[in-house]
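A, B and C are the chain letters, set down in written order, and residue numbers restart from 1 in every chain.
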Amino acid sequence: MTWLSSRWKIAVMVVPALLLFSVFIAYPVVYSLVFSFTRFNGFESPAFNGGANYATLFADKFFWRSLGNTAIIFVVTLVVLIPLAFGLALLMQRRIPAAGALRSLVFAPAIIAPILSGLIWIFILDPHVGLLNRILGQLGLPEPEWIGGNTLTPFSVSWVYVWSQLGFAMTIFYAGLQLLPAEVLEASEIDGANGIKRVWYVVVPMIRETFIIITVLMITGVFKVFEIVLVLTGGGPVHASETLVSYTYFITFSSQRYGLGMAGAVIVTVLGMIVGLAYLIVARRRQVA
Amino acid sequence: MTHPARVMRVGALTTAFAVLVALAGCSSNGSGPSSGSIPTLDPKTKVTLTFDIQTADPKTNSPQVYAAVKEFEKENPNITVKLTGEPTDTHTQKMQLAGQTDTLPDMFWILDSDARQLNKAGKLVNVKPILDAANLTSRYPATTVKGFTDDGKTYGQPSSQLVTGIWFNKKILADNGLKVPVTFDDLLNVVKVLHAKGITTISNGSNQASFACWSFLRDLSNFGWDQKVKGLLAGTTKYNNPDFKKLYEHIDELRKAGAFADNVATTTYDQIVSRFTSGQAAMVDGGLWMAAPIQASSIAPDAGFWIGPEFSDGVGDQKVSMSVPAAPWAYSAKSAKDPNKYAAIAKWVEFWAGQAAAQTQVDGALPPSTTWDVKIPESQSVFKTGLAAAFAPGTHAPANQPDLMVPTAVGTAMYDSIYGVIEGQFTPNEAMDHVQQALDQAQ
Amino acid sequence: MTAAITRARSTRARGRSQAYAIPSSIGGYVVTLLIAIPLLWIAFLSLKRSADILADPLSLSGLSLNNYIKVLGSLPLAQMYFNTIVIALVAVVVGAAVSYMLAFALTRMVFGRRRVRSAMTYYVLAGISIPVFILLFPVYRIDIALGIFGTYLALILPYTALTIPFTTLVFMGYLNDFPAELEEAAVIDGAGLWTVCVRVVLPLMRPVIATVFVLNTVFIFNEYAFASVLINDPNLYTISLAVSSLKGEYAIDYGGMMAAATLVLLPQLILYTIFQRQVIGGLTVGAVKG
C-alpha cells in the first residue's frame, strides 16, 4: 500500500474527521479544562483559582464514594457483561427459529434511552413498590433494599447497565463472528466440554480485535454511567449512590459550581481515557508479540 | 464578560425612564402615553414575543400559564406570544447558556439567584417603572417587590406564589383518636400513635426531588432564620448554632419515632403525592399547589391544611405561614431595545400584575401573588381550605423561603442536610456541618 | 477470488444443514425472554392510568389506550420523527464516511512517521471516554459563533463529530482483523485509492457499516443533552424530547411517558430488525480469511 500513501492522499483521508472532531470535541474539552482552574458560577466572570477545585474534590468524601461506586460497576461489567454477551452471540449463531426476532429483542434494551431504562427498573427494584420485592414477599423470602439503601445500589445500577448494554455488545460480537469462515463457526458450536475448549482456543483469538473493541467500549461506557443512577435513586440517599458523572453533574448544574464541576468532568474523562487507552495498548502489544 | 459601558448604558436608560415617570406624573389608569416614559404600542403594529418557561409542553403541564397567555392575547390582538418550555433543570441550563451568550428569549422563567446575576450584568428589564406607571406596584406586598429588587432595579415579577405547608387527612387522624396537631409535641404524639399502627405519618421523598423538604425549610424560620441569614452569608454566624441544632434534633426525633416511610431515598415527587392521595400516609410535606391533585382524588373531603408546627423551644413568633413569591418571570433588556417589543413586554407586565391574570391562576387552584379580590370556584373546595389556613389571621409570612436566600450551592447543601437526617445518613451535627462547609466555600 | 467464495459458500451450506440443537434453542428463548420482560413491562404500564402505576402496579384493572390517545394528541410526533430522521441520516452517513476514511488511513496507509499515526489514533479514540455534558457549554457557544444555532445544523455537526470516535474504533477493529491481500491484489492490478477504498474494501465492510449505522442512529434518537438546549423552535424538536415532555414541573405523567416511550421505541426496533436481516444474514465475507 506504500505507493498509495502519498502525504497529500493521507491528508485528504484524515482531515475531515479530524477537523470535525477537533472543533466539536477536542476544543470543548480544552475549554472545560481551562474552566476547571477557575471559580465560576455560570454568570460572573470566571476567576482563576489554580488547582483549588481539584483539591476540593480530592478532599470530598462524596467524590471518593462516587469513584468507589463507579469501580463496582466496572468490575461487574468486566466479569459479567462481556462473557455473557459473547456467549449469547455464539448462541445466536446456531439455527434457532426466529433468530432474527430474538436478536432484535435482546438488542432492544440498547435502543432505549438510559433514562427510560432507569424508569423501567425503578418499578422493578424499588424495595417498597417494585415488582421484584413484591414477588419475593409473596414467596415469603427476604426483601432486600435493592436501591435506596447504603450497600446494594451500585450492584443494582451495574445490573441495569449490563441489561441495557448486553444486546449492544452481543450485536458487535455477532457481526464479528459473521466475518469468520464457516469451518471456524462449526468449531464454535458447543458440544460438551470439548466445545468450550475449542471456542477458547480457536474462535476467541480470531475475533481478538472484536473483543478489544467491546472491552474498550464497555470500560469507557462504565465511566459515563449517569442517567440510570439519576432515575433509580437520584444519587441518594444524600450522594451515597452517585457515580462519577452523576456527582459531577450535580456539582455543575444543581449546585451551579461550574469550575468545580468541570474539574470533576476532567477527572472522569482522564480516568476513562487512561483505563481505556491502557487496555488498548496492552492488548495490541500482546498481539504483536 | 460584560463590558462596564454596556451595563452603564442600560442602567442609564432605565434611570432616565424612572426620572421621566416621576417628573411627568402617572395617569391613574396606567395607559401611560402622557408620561412618555414607556412606549405605547400602536394597536395596528404586530409584535411577537417569545416566552420560555420551566415546564415541557406548557399547554399540558402549566395550563394556568397557558390560560393567562391566551387571555393576554385576547386583550391584545396585535401581540402574539410564542409559549415554549422544557423540564426545569434543562430550562435552567438553557437560561444560563442564553444569559452568557446574549441569546435570551423575550420573556422567561428563571431562578432568583440566576436573575440577580443577570440583573447585575444589566441584562434584565427594570419592571418597577412599568408597574409604577400603571399604579400596580401596590398590588404586590412590599416584601415581594423588595425581594426582587437589587442594584436599584426590580428585575422580575413572581411567576406564582409559593405557599408551603402540610396537608393532612382528617379521617386518618380521627380514626385513630387524634386531634389536629398544633405544636411539635402534638405532631410527635401523632407520629408515635400512627407508627404503632404501621401508618406513615409524613409522606416525602428525595429521588430527583431533594428540594421536597418544604416544611422543614419553613421550620428554620421558626428558629430565627430571618435574624441569622445576614450573619450566615457574611460568615459571622455559624449554621451549627444552638437554635438550628434544636430543629435538626427534632427532625431526628421524628425519624426515630417512625414518622417517615422506609424508602424515602427512592421516592419521587409523584409518589410523595400519590402516597397521600391514596390514603397510605396521614400527611404530606408540600404546599397549595397540591390542591388540584388532592381535589381529584378520593380523599378530597378529608383534606386539611396546616401551616406547620409551633415549637416551644423556637425563636420568635411561631405562627409562621410560608407564603412567598416563587421564582420570577424576567424580561430581556436586549429585546426591550426594540421599542415595539418593549411596549409589548410592558403590556404583559401590567397584565400579569392585574386582576384578570390573578383570576386565571385561582381558576386552576394556584394562589396569586397579587392582592386582588378573586373569586374561587366552588369546585375547588380543597384549595379554599388551604387558602383559609395559609392566610388565617395571626399568621405571618417571612421574607422568603430560607433556601432561596442563599447561593444555589448552599441551598442544595441544606436539602442534603435535611434529607440526610431524615434518611439516617447524617447526625444533626454532621448535617449542619455539611451546610457550613458549603457556606464557607461560597465566600 | 470467485472460486474461493464459491468454496466457502458450499462449506457454509453444509454447516447450516445440521439439525437444530434443541437445548440451545430453549436457552436462547429463555434468555431473550428474561431480557425482554422489562420491555413488556413498559408496554403493560403504558396501558394503565398514571395514578395506578404508582399505587397498584400489578393490577389488571383500568387498562386502556388513553395514554396513547393523549400523547398522540399533545405531541407532534410525526414532525419530531421527521426532524430526528433528517438529522440522524445526515450525521450518521457523513460520520461513517469520514470515519471510514480516517480508519482506512490509520490502518492501511503508510505514514511517514509511525508516531504520527499512533498519535492520531489515540487522539481520536480518546474521544470515546468523554461524557457528553462536559461539551455542552462550549458547543453551545460554537454553534452561536458559527451562526447555526437553532437550525438542523446545530445538532448535525456536533452529532457527526460525536460518532467519529466510536465509528473509527469499530472500523479500525474490523480492518485490522482481516489481512490486506485483496487490496494488495487490486493495487497490483492498477487500482487507485478511490477504487481500493470504495470498490474493493467497502463492500466487504457491509455488516460493520450496518452495525455502525444502526447504533449511531439509536444514539442520536436518544440523545437528550444537546437536543434539549441547542434548538429553540418547537418545529425542530427531536424525538428524544418526547418522553421528557411528559414531565410536569413537579409531577410526572408516568402513563404518558410509558406510552411515549413505546411509540418512540417501536419504529427503532423495526428499523433494527429490518437492517440486520438484510445485511448481516447470509454473507460470504468469510471467504476472505483463509
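We adopt the following convention: a contact is a pair of C-beta atoms (placed from the backbone, for glycine too) under 8 Å apart; a residue touches a chain by one contact, two chains touch by 3 or more.
Not measured: the values here are computed from a predicted model.
Ranked by C-beta contact pairs, the top interface belongs to chains A-C. With chains reduced to the mean position of their C-alpha atoms, the one farthest from chain B is C. Distance from per-chain Cα centroids to the pooled protein Cα centroid is smallest for A.
Note: centroid distance chain A to chain C, computed from Cα atoms, is 16 Å. Measuring from the averaged C-alpha position of chain A to that of chain B gives a distance of 39 Å. Each chain gets a centre from the mean of its Cα atoms; for chain B and chain C, those two points are 42 Å apart. Across the assembly, chain C contributes 54, 137, 244, 254 as residues in contact with two or more other chains. Among the residues of chain B, those in touch with two or more other chains are 93, 100, 209, 271.
For chain A, residues that reach two or more other chains under the stated contact definition are 129.
Chain C makes touch with chain A in their complex at residues 8, 11-12, 14-16, 18, 20-21, 24-25, 27-29, 31-32, 35-36, 38-39, 41-42, 45, 53-54, 57-58, 98-99, 101-102, 104-106, 108-112, 120, 122-135, 137-139, 142, 157-158, 160-162, 164-166, 168-170, 173-174, 176-178, 180, 183-184, 187, 192-193, 196, 207-208, 210-211, 214-215, 218, 221-222, 224, 240, 243-244, 254, 257, 261, 264-265, 268-269, 272-273, 276-277, 280-281, 283, 285-287, 289-290. By the touch criterion stated above, chain A contacts chain C in their complex at residues 1-5, 7, 9-10, 12-14, 16-18, 20-21, 23-29, 31-32, 88, 91-92, 94-97, 99-117, 119-121, 123-124, 129, 131, 134, 163, 166-168, 171-172, 174-176, 178-183, 185-186, 189-190, 206-210, 212-213, 216-217, 220, 223-224, 226, 245, 248-249, 252, 258, 262, 265-266, 268-269, 271-273, 275-277, 280.
Touching chain B in their complex are the following residues of chain C: 50-51, 54-55, 74-75, 136-137, 140-141, 144, 149, 228-229, 232, 234, 241, 244-252, 254.
The touching residues of chain B, when paired with chain C in their complex, are 50, 52, 54-57, 59-62, 84, 86-88, 90, 93-94, 97, 100-101, 103, 105, 209, 268-271, 273-274, 277-278, 289, 293, 297.
Interface residues of chain B, counted against chain A in their complex, comprise 1-2, 89, 92-93, 96, 99-100, 113-114, 117-118, 120-121, 206-210, 261-266, 271, 407-409, 412-413, 416, 419-420, 423, 425-426, 441.
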